[in-house]
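You will see chain A twice below: alongside chain B first, and alongside chain C after that.
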Partner chain A sequence: MLFTSNEFLIFFTAFFLLYWFVCDKNVKHQNILVLLGSYLFYAWWDWRFLSILITTSIVNFILGIYIEKTTVPKSRKLLLWIGLLQGVGCLLLFKYFNFFVESFSNFFSFFHFNIHIQTINIIIPLGLSYYTFKSISYLLDIEKGKIKATAEWMVFCSYIAFFPALLAGPIDKARTLIPQLEQKRVFDYNLATDGLRQILWGVFKKVVIADNCASITNHIFDNYQHFSGSTLLIGAFLYTIQMYADFSGYSDMAIGFSRLIGFNITRNFDFPFFSQNIAEFWRKWHISLTSWLTEYVFTPLSIAFRDLGKLGLIFAIIINFTICGIWHGANWTYVLFGLMHGCYFIPLILTGKMNKRSKIAGNKMLPSFSEAARMLATFVLVMFTFIVFRAENITQAFNYYQRLFSISLISIPAVPKGYLTFRTLLLFIGSMLLIEWLNREKEHGLQLGVIKGRIFRWSVYAFIFFLIGMLMETSETPFIYFKF
Partner chain B sequence: MKKFLANVLLFIPFLLTSYFIFLIAWGSFAPGHLRKNLIYGIGGYANMYSRICEAKKMHNVDILFLGASHTYRGFDPRIFKAYGYNTFNLGSPNQTPLQTEILLERYLSNLNPKLIIYEVHPWPFLLDGVESALDLLANDKIDMSSVKMALTLNNVKAYNTLIYSWYRQLFDLDNGFKEEMKKEDDTYISGGYVEKKLSFNSPEAEKKEEIPVTLAHWKPKAYQLIAFERILKIIKDKNIEMVFVQAPVTKMVFNVFDGNDKFDAFISSKTDHYINFNYLMKLDDSLDFFDSHHLNQQGVRVFNEALLKGKETQLHNKVLMTHASFKK
Partner chain C sequence: MERVVILSQVQDIFKDILDDEEVILTDKTQAPDVKGWDSLTHIQLVVGIERHFKIRFTSREIQSWNNVGEMVDTIQNRIQNS
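Coming up: the complex of A and B.
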């Protein structure tokens, strides 16, 4: 049940009507519906994995209560570790077992020791990384005394399984979502209409930009040996745009659907391509994951390494981004992706600019030349890391780089024709970036406050609907971040 | 909440009206590369427009051919004419049972054939039928069966093309359209056939083409099976004799598909008159085909004569040559 599918449209319409017209009397009824709806939504993908989701919820709910009740620090730590082991254990088993076994075996075979360990044929449950991180942050926050454990099992289970954010985030922390689940939601007209706008913008980015980019990038990346360096550069550019449009499009939809049912969940993207350095980029890209890692990995590590000064910060950031990379999947390409981003931070740490924040272009329409140059440089740095991210393995990534930086980089690119031509696609990518630039101070690209007349505003929405109908890919294409 | 629902309910008709206006304007003025989901190919590459125009005028034929490209490229009315049979070929590119059913509903009465030869191949049962639907929507009238077909396909291309074709027909905008009878190497022959300029298949080059893996396990689409059953019923109700044939393809393609037995069993369960010519004819993969799927004119002649003379099989001999109402 993709957000862009007919099944979801029917499911959500029924859910919306039941939620506001039948279950609106009290918070309990609302939460029952949220929980049942979330389980139905999840079971639609594969009902067999529902048991893992429910078990995770129950185990962490009980552990949360006991961690709070226990006053003995050692016991609190022990309970916390049980929770961490459960979460990380599930991730290790389902997501990383084969990767570690194969890497271990390859490592020893390098020294001519042949170790054969059986890998397991296992499917990764959808959304596992997302709901595991939610449950871990919940226990950590209770143990640190930042939040109180909820006594309502239904609230906690709804927090873990909250369907708009269940499969690909945003990864809401308990202190953001649980208080909202504990209070009765009252319909907010402005929140709901803005939610609809955000959904529309998300769908546009996903089906018009991302899916059409995919038709070209898949061809280029799958046959990179046959293309010139200049074409590979375009492939990398389009894949970077595809990643953004796909994932931010999904996040916009998730936030929009949450708003329609009265929730304000964590923002996941803040126009990251308008960043002037890599630190700013990560404050604007996959915000919920970055802030999760900052709070639970980077900050504790930088405190632990504080005696090492800037070197300690470098260690902390490298470890942080290695975890960020491997969170995406069990492949050395993701590890390298994380390491590359970690390394990008080193100049910022050494020059003390890591936490420097600036407002791009101020109130002006256009950025200054230096701002534009910094934005472009940041984009190019990010783009090069997405080559590794997209590659099947490290060898393929290096071969791609080798071909990209060959003499054929100075040649006329021969971009394969996708469903749309490259020029047409550029037109729409440019339009998307322009609209987002104009709305860069807002929550999403389609907050059309400047258009006052309703007819004009509605005409803009109708035109976006039309573009979706005219340019969308007709077969269902899953979101990239579902596999993580 | 009331305000929200009222606005949503107001926005829906506004959206539908705007969508229609944008679609008409886009279809009329936007360049082709921006019309990804509006495929209005009047004429098309297989002369559907001319075929439909002819079908409207033809009456009481001896044989009607139905099916996909193996049909309109595989049964030459001139060869049948030479044997004294008046035929019409209603085949079209990637025609699936969904479109065959509509064509039968529209033209069976006036064509009024004595015999129907339906070329069946596993492939059309696996297709969604969108390509053929767009061809039909652009080249034939828009009526309730067109709407039903679009709803069955539930595909945005089908919806867009349906609306745009309806608009063009409403204002008779294609009045005066004259289709080219010769398009590149293809020549449309009166009676629905498309003749390819004689060329030969290069099996080596064909090997590079990817054989659709979906053919390896034949799982037909449910709505295509339902449409197929309805076709059988329409023909049975009209009491018209029907023969199912599978036209020959290259051995390379035929042998790749490991569901032949399953497909043959499926068709045989529906009729006693089914001939799979891939088992009966010994054609040359290169000399008798212009690509891995389609016979060239030389191959068509051999195939059609085999069908007409009936030397190889008692089955089609029986059906074609002894059917009392058919024999002239």
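Coming up: the complex of A and C.
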């Protein structure tokens, strides 16, 4: 049941009507519907995983209450560790077990020791990485005294299973979402209509940009041996745009659907391609994951390594981004992706520019030359890491780089035709970036404050609708971030 | 050591590390109120304070302060207990 599918449209319409017209009497009724709707939504994908989701919710709900009740610090720590072991244990078992086993036996076979450990045939439960991070942050915050444990099991289970953000985030912290679940939601016309606009923008990015980029990038990455360096450069460019359009498009839809039912969930993207350095990029890309890692990984590590000065910060950031990389999946390509980003931070740490913030272009229409150059440089740095991210394995990534940086880089690219021609696709990508540039101070790309007059605004919405209708492929393409 | 003295010495450390002679701290001052006080300089400030007062904070303490006053309370407790 993808957000862009007919099933979801029927599901959400029914949910919306029940939510605002039948269950609007009190918060309990609203939460029962949110929880049942979330479990139905999840079971629709695969009912077998529902038991893991429910068990995780119950275990963490009980642990939260006992961590708060216990006054003995050692017992609090012990209960926290049980929760962490449960969460990380599930991730290790379902997501990383085979990866570690295979890496371990490969390592020993390199030294001619044959170690045979049986791998397990297991499927990763959908959304596991997302809801595990939610439950871990909940327990850590209670243990640190930052939040109180919720006494309502329905509130907690709804927080973990909240369907708009269940499969691919945003990863809301308990302190953002739980207070909203504890209060009765009242229909807010402005919030709902803005949610609709955000959904429209998300669908545009997914259907018009991401899926059409995919039809070209899949071909280039799967047959990279047959393409010139210049074509591979375009492949990397299109894949970077595809990743952004796919994941930020999904996030816009998730936030938009939440707004329609009265929730304000965490923002996940803040126009990252307009960043002037890599630190700014990560403050604007997958914000909910970055802020989670900053709070629970980078900050404690930088405190622990504080006597080492800048070297300590470099250690902390490298570990932080390695975890960020491997969070995406059990493959050395993701580890390398994280390491590359960690290394990109080193010059910023050494020059003390990591936390420097500057508003791009101020109130002017165009950026200055140096701002544009820094934006382009940041984009190129990110683009090179997405080659590793997309590759099946490290060898393929290196071969791709090798071919890309060959003499054939200086040749006319021969971009394979996807559903759209490359030129048409470039036109759409340019339009997306232009609209987002004009709205870069807004919460999403379609808050069209710059366009005065209702008729003009509606013409833009109608045109986007038309494009989506024209380009909506019959086969549904899943979102990239679902597999993480 | 008196609280006022601790606060004044902490202020001097801030001026030195943030390289800004105009820093003025009160108990209610928070990070956004001081130019240049971000998560990275925070770590440098903590190290500066620890070295000056010859104390060692726990990770939990460093992450629990909501304002300068709470930080000064911890410093005072540490000095009294050492």
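What we mean here is this: the second predicted complex is superposed on the first by the 481 of 484 C-alpha atoms of A that agree within 3 Å, B and C clash if a C-alpha of one lies under 4 Å from a C-alpha of the other, contacts with A are read in each partner's own complex, and residues count from 1 in each chain.
In this text, a residue touches a chain if its C-beta (ideal position, glycine included) is under 8 Å from a C-beta of that chain, and two chains touch if they have at least 3 such contacts.
Remember, predicted model here, so these are calculated numbers, not experimental data.
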Touched partner set for A:145, first chain B, second chain C, both or neither: second
First, second, both or neither for A:69, with chain B first and chain C second: neither
Chain B versus chain C as contact partner of A:175, first or second or both or neither: neither
Chain B versus chain C as contact partner of A:20, first or second or both or neither: first
Chain B versus chain C, judged by how many residues of chain A each one touches: B
Which of chain B and chain C A:192 touches, first, second, both or neither: first
Partner chain(s) touched by A:303 [first = chain B, second = chain C, both, neither]: second
Which of chain B and chain C A:313 touches, first, second, both or neither: second
On chain A, the residue positions that both chain B and chain C contact, one per complex: none
Residues on chain B engaged by chain A in the complex (per definition of touch): 1, 3-4, 7, 11, 14-15, 18-19, 22-23, 26, 33-38, 130, 154-157, 159-160
Sites on chain A touched by chain C in the complex: 144-145, 294, 299-300, 302-304, 306-307, 309, 312-313, 349, 352, 354-355
Parts of chain C lying in touch with chain A, wherever the complex brings them together: 38-41, 43, 46-47, 59-60, 62-64
Of all residues in chain A, those that touch chain B in their complex: 6, 20, 187, 189, 192-193, 419-421, 424, 458-459, 461-463, 465-466, 469-472, 474
